[in-house]
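Presented below are the structures under discussion, each in the form of structure tokens.
Here chain A shows up in two complexes: once beside chain B, once beside chain C.
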Partner chain A sequence: MSAEFVFATAQYESGDWDSAPLLPANIIDTIARYTEIPVAPTGVIVPLSDARLFRYPLVYLTGHLPVRFSDTERRNVRAFVDRGGMLFIDDHNHDIDGTFHKTATEEIARTVAPLTELPNDHPLYSAFFRFDGPPTTSHELNGWGDNLVHKHLLAVQRRGRISVLYSNKDYSSEWNYHPDNKRFLSVDNTRFAVNLVVYALTA
Partner chain B sequence: MSALDRLRRVRGVLIAGVFLRAALWGTFAAISMIAIVAIADAIAPVGLNVRVVLRVIAILAGLVVGLTFVWRDRRVRELDRVALWIEERVPALSFALVTAVELGDPTLLVDMRTSDWTTLAWHRGLSRLLTPLAALVAATVVLLALPSGVVARAAAPRRGDSLSRASRTAANRIDPLVAELRPPVYSGARRQEIDEPRDVRVLVGSVLTLRGRGDAGGIIAIASADTTLASADADRWQITLRVSAKPLAIRLTDGTHVRIIAVEPIVDAPPQVALTLPVHDSVLRVPSGRLPLAAEATDDYAIASASFEYIVSSGEGETFTFKSGVLGAVHSSGKQLKLSATLSLDSLHLKPGDIVHLRAVARDANDVTGPGVGASETRAIRIARAGEYDSVAVDAAAPPDAEQNVVSERMLIMLAEALEKQRPRLARDSVRHESHAIGVDQKKLRRAVGDVVFTRLGGAPTGEEHTDESPERAKTMQEMLARADSATNRSIDPVDFEGGESPVVAVNKPLLEAYNAMWDASTALELGDPGAALPHMRRALAAIQKARAAERLYLRGAPPPVVIDIDKARLKGKDKGASSTRRPEMPIDSVTSIRANRLDHAIEIARTSSSAAADSLLLLRVDALADAPAFASALGDAAAAVRRGDGAAATDALARARRALVGAPIVRDSLSRWGIIP
Partner chain C sequence: MRSPRSRLEIALRICAFGVIGWMFGQSLRPNAGVRVERVRGADVSARLPVWTRQSANVALHTELDAAPNDWIVDWLAALRHSGHVVTWSGSPPAIALAADAVAGPGDNVHVAVAGPDRAVIHLRDDAGALDSVRVSTMGATVTTPGVSGDLIATSGAQRATIQSPDTVRARAVVVIGNAGWEGKFIALALEERGWPVIARFGVAPGVAVSQGALLPVDTSRVAAVVVVDTALQSLASSLDAYVRSGGGLVIAGPASLSPVLATLRAGAPSARFTPTALPGDTIGLGATGFYPVASLAPGSIPLERRGPNGGIAVAARRIGAGRVIQIGYDDSWRWRMTGGPSGEAAHRVWWSRVVASVAYAPGPAPRASEGTAPVANLVARLGPARPAPSISLASQAVDQKILMTIALLLLLGEWASRRLRGLR
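Then we have the complex of A and B:
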């Protein structure tokens, strides 16, 4: 296992797993800006059905289309969280009536355990930067998707630790831009990603 | 009635007496044995299995005794023996009766008085029944004198009858103890009772009733944070609990006496569903027709319903729309179910690019914690877009016929090497002829490679023919690649590829290199110089190998590579700002180490109190059931072994438990260099 953190994007059989291609680079840039965590300059794409999945402590999964894991993917994801990995799933449709949400939550319930609301005072929100809950995204504020501003993230927790984190906030759209464009933002909207990474590495 | 008929009647009476007597003795034997078992059980408890065996032995003993008596008097059915028996008791007959029976002559019996024979037989038969009857009555009296529960334990042993056993005044009311398990109705499982429950496995949703003797006052059960008081039921107490999905340790308390019962819930698994039709994902050119669907579902208890679900996704990029539906729903009550349906693609009004996601879903009959829902793998049926036919295999096509007369490059090299070796001994014409033949094969192979390259470049497979003999043939690989690149990148922006090359160049470079090397080799071979051709041929073979080993690219998932300059992002270089020291968090005292400590403690107290150690192991087992099943299983075995005092089995089970908890011990060849032991 490499000593440096490598951001991994999950590749799965059923959907458009590559719908946010610039997000990994953006998060890597954020980690480099705010922390001293040794981080690889590029991310990797790791198939959920591949044993390489177990090399990465945090795996990011997104998409618009229905999420249906194959048997191998399901077995690997189960083993991944059993071994202490953290799977971060973001609904790129930002729609709780959307097919991604319905199928992904159902698949997680089937594979790991049912998702429950993550309290907004969870250590995740103070793992590095301090947040009062999941930061909102412009996509949910401007009425895209389900017209809702979601107050909580969902999660599967094991022994007080998050195994699967699920978001309807559409961070995949919010963070999917070239890191050089951060200079146009008054407040870096990817700071929450630091909390995700720090939590996944330390909790 | 003739004398012979009367003789037969006497025989009938005697036979009936024999059977009756045998039955009485047999019954006496069986009842006596059951009475003995009941008395023994009242003195010291006899196990259920032993009692079952003893009951069988009692029945067999009764049969054996009865049959023995029948066998001993078996000759009573012979008429001459009966006649002799009468002659012994009526000497006046002077053997006339025996003689008449032996000779078969009834005329000898004329005027013979026969009326007292039957009376004689009745007297004899009844007198011989008196002893067994008295014995049977005595045994029955003994049996009736015993408490009814005691007799029932011997006569009809069953699980859960320990409360029926007579005993002296018990030290507490939670010993003996019986657990009754009533599984949920949907499961169809039977009610069962367990004597002296310690470690109970039961389906979630079952009702667990603990029963004991005596009044209910002061008996409580503590499970997790809940406390339940016992209720009275005649001369017994009972506590009823419903089993949830969480493992439970019930502490049953009567004053200072405590019993621990571990409850391991069996979770009803959701149905297993397999979609058998369609067999695989498909891409359809035309969205019409009917699609047969078939699936099979199995469940551990019962399937309530099953159906097919479909989701149609339309759109691309950020705009997707979805519609879904259910078809082929069936209801069932069995453990297995097959379902089939037909999906009309026309009714879905599909457009190019749409994807139909199909799967089968089954729900079990679990009305307690469920229903459990199982789903099959999902098949995706995609409707091809109009512009993708040139790059996507819409329908599986038969593979092209293999060109049998093309010799591999490796074989051509071997032929050329052999020819070069024989060259000093051959005439020049022969060398030229053989070399030319190899050159022809080399040319064919070059054309085959050219077909591959030109097909990839978007041209016809025969594109190479247009340039074969053309003076405009690219003389250098760079020219060829440039031409290929310009031919295929006319209108679209190339995907940003590794090393800055266009995909055409990156993918075809090795094959084009092979192509050009083959060209040079065939030229040399046609000139009759295999020695000069060999370096080119080897270069061609190496290029083919390189192409074969080339990385397969998954174009869909290739995002623009953005490499972050970490140092730049961290503003390193001029500013020497010191960041605060980040100290790693102290390792959390893990669940494993806590369990290891508890296991050590349980082993420690086993020296002084085996029951306390067994209870500690049971509590640890309940704690580990949810997430460490192997550890919990070994603990269950260890607790049982400790309780029955089986040291060897306990040691074995505890070793298994420790290995399941902390892994196998690390074997070292020698002490480590920095070990504290010299």
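Then we have the complex of A and C:
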């Protein structure tokens, strides 16, 4: 079925791109659970240096380690967002000024444009579920005992649409569990992922 | 015995009456005494007042390398109706010009020119040069933004002129369907080309993401509706009336499977056709497959065939005052994303043209057609080109005024001679 949504995880040459291996299945489960969007049952891994990147207009990128794109990766990412693709980057560390954060934001500034704060009333937060801003994660709220809460996501916007979305919230840790375990949660903590996908598919 | 002087007077009188009688006889013969006046095209306008004051015994012949203005042709036609013989010769290039405002953003004007095969036609408006086109067999077309004042086409000395059409206010385009890449990138492409877009994408039962107010869908605010799939939502009931009143409808991909659109579609679709993709293929429109039109509805015409079996990928029809185009492609977004550096722009332009081809555009106010096809007008008013009428040199040599002067002089001489002799 050509209209299926396929969840794609970016593979890049530097860093640990596969640090959240359970996340794709969990998000796919969430999309199928709340929407009638046709979704492929399994995600794909797509190298940023490969032309296959352009088959998946929403791509998720994460890691803990420094991010440095190769020339090919940089060229592809630039063309990807130019053509209307959306790159969602999540810092798996959730810290401030860590190595992933410093290098990834620099790399995006060099490749696309500098990241800026995304207002908390952006349509992303009401694309499906309603949020007052980016939902907090357990890792921010004492999960690591640091009470470090990031109040905004960062983004590169073009003509009013998000091209690159950047999070320090560590959703990669928050959502990295087997979907069967959602039943143990009083509130599904992956609901924001629905907003992400719906926004990417409609905005 | 008459004196010599008396005989001279009789001779003068006889000659005078002879001349008058000859003139009277000539006036009863058709074309007798007609002379031909030839002028070149550039001098015609200056001669028209002179010809108008002349009697109808002058044949007027113009030699043209370009058709004159319509007012000159009208004047010549009036002279012809008043009894003059009016002819023309030459072979001015027969060019014709038409212009329509393109329904959509950008104030574009679609210009169609006809002319001799391989002729180069230059287009300009009051602000300066616009473009030049080479005629190929049937003519040539060009779309140009922002025509100012009159639109003028020239080929050699020939010139055709038309008033630029009123631009059409860009109404919104509705894109409707389920959330997916096809709908998203169609809306994006249209917005990037300047169309105001109203989008409504279904996400879950009873939940849709909207951009702009969907209803009411009528021609006062919506130029066209693009249906991406079978999810028509609240639009289903009003779509038929909208199209029949002049609205445009684009039925894309699996939307033609919708029973709601069965009476509007250009034809019933068959199973999705997927061409064999080779490893090195660059993704283009239709490379990943489409829903071919299996049987065309009455009045529908195929616009594009594709594949080894010539399946109809695009077809169109008119319904009432509206236009419908059915596109088999359901993942044109891949053309944009994976079609190489030019794919994005090609996708954008293609979708904008598809929508413009069906978009509602109120008819322009009637305009004078002066100068749009000058040679055709010339032939219609004065007949085809032909040689100047052949008139005998003798009859051309004698002017009626001279004859009348001679007759008067003869009579005056006869009268003066008799008075000098004391006779009355």
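Heads up, the rule we're going with is that the second predicted complex is superposed on the first by the 197 of 203 C-alpha atoms of A that agree within 3 Å, B and C clash if a C-alpha of one lies under 4 Å from a C-alpha of the other, contacts with A are read in each partner's own complex, and residues count from 1 in each chain.
Note that in this section a contact is a pair of C-beta atoms (placed from the backbone, for glycine too) under 8 Å apart; a residue touches a chain by one contact, two chains touch by 3 or more.
For clarity, every value in this text was computed on a predicted model and none was experimentally measured.
With chain A as the common reference, the superposed partners chain B and chain C clash. Chain A has more of its residues touched by B than by the other of chain B and chain C.
Touch criterion not met for A:114: it reaches neither chain B nor chain C.
Contacts of A:55 after superposition: chain C is touched, whereas chain B is not reached. By the touch criterion defined above, A:84 lies against chain C but remains apart from chain B after alignment on the C-alpha atoms of chain A.
Once chain A of one complex is fitted onto chain A of the other, the partner contacts of A:202 extend to both chain B and chain C.
Once chain A of one complex is fitted onto chain A of the other, the partner contacts of A:36 extend to both chain B and chain C.
Touch criterion met: A:66 reaches chain B, while chain C stays clear of it. Only one of the chain B stretches 362-370, 578-586, 614-622 or 632-640 carries C-alpha atoms that clash with chain C in the superposed arrangement, namely 578-586. The contact surfaces that chain B and chain C form on chain A in the two complexes overlap at residues 36, 159, 202.
Contacts from chain C toward chain A in the complex involve residues 178-185, 188, 191-192, 199, 201-205, 207, 209, 211, 229, 288-289, 330-331, 333-334, 336-338, 341, 343-344.
By the touch criterion stated above, chain A contacts chain B in their complex at residues 11, 14, 17-18, 21-22, 25, 28-29, 32-33, 36, 39, 41-42, 45, 64-66, 68, 70-71, 93, 98-99, 103, 106, 110, 158-159, 173, 178-179, 202. Of all residues in chain B, only 270, 311, 313, 318, 320, 322, 324, 355, 357, 359, 373, 375, 377-378, 380, 556-557, 559-566, 569-570, 579, 582, 584-585, 591, 627 touch chain A in the complex they form. Chain contact summary for the complex, chain A toward chain C: residues 2-3, 5, 34-38, 51, 54-55, 57, 79, 82-85, 127-128, 159, 161, 198, 200-203.
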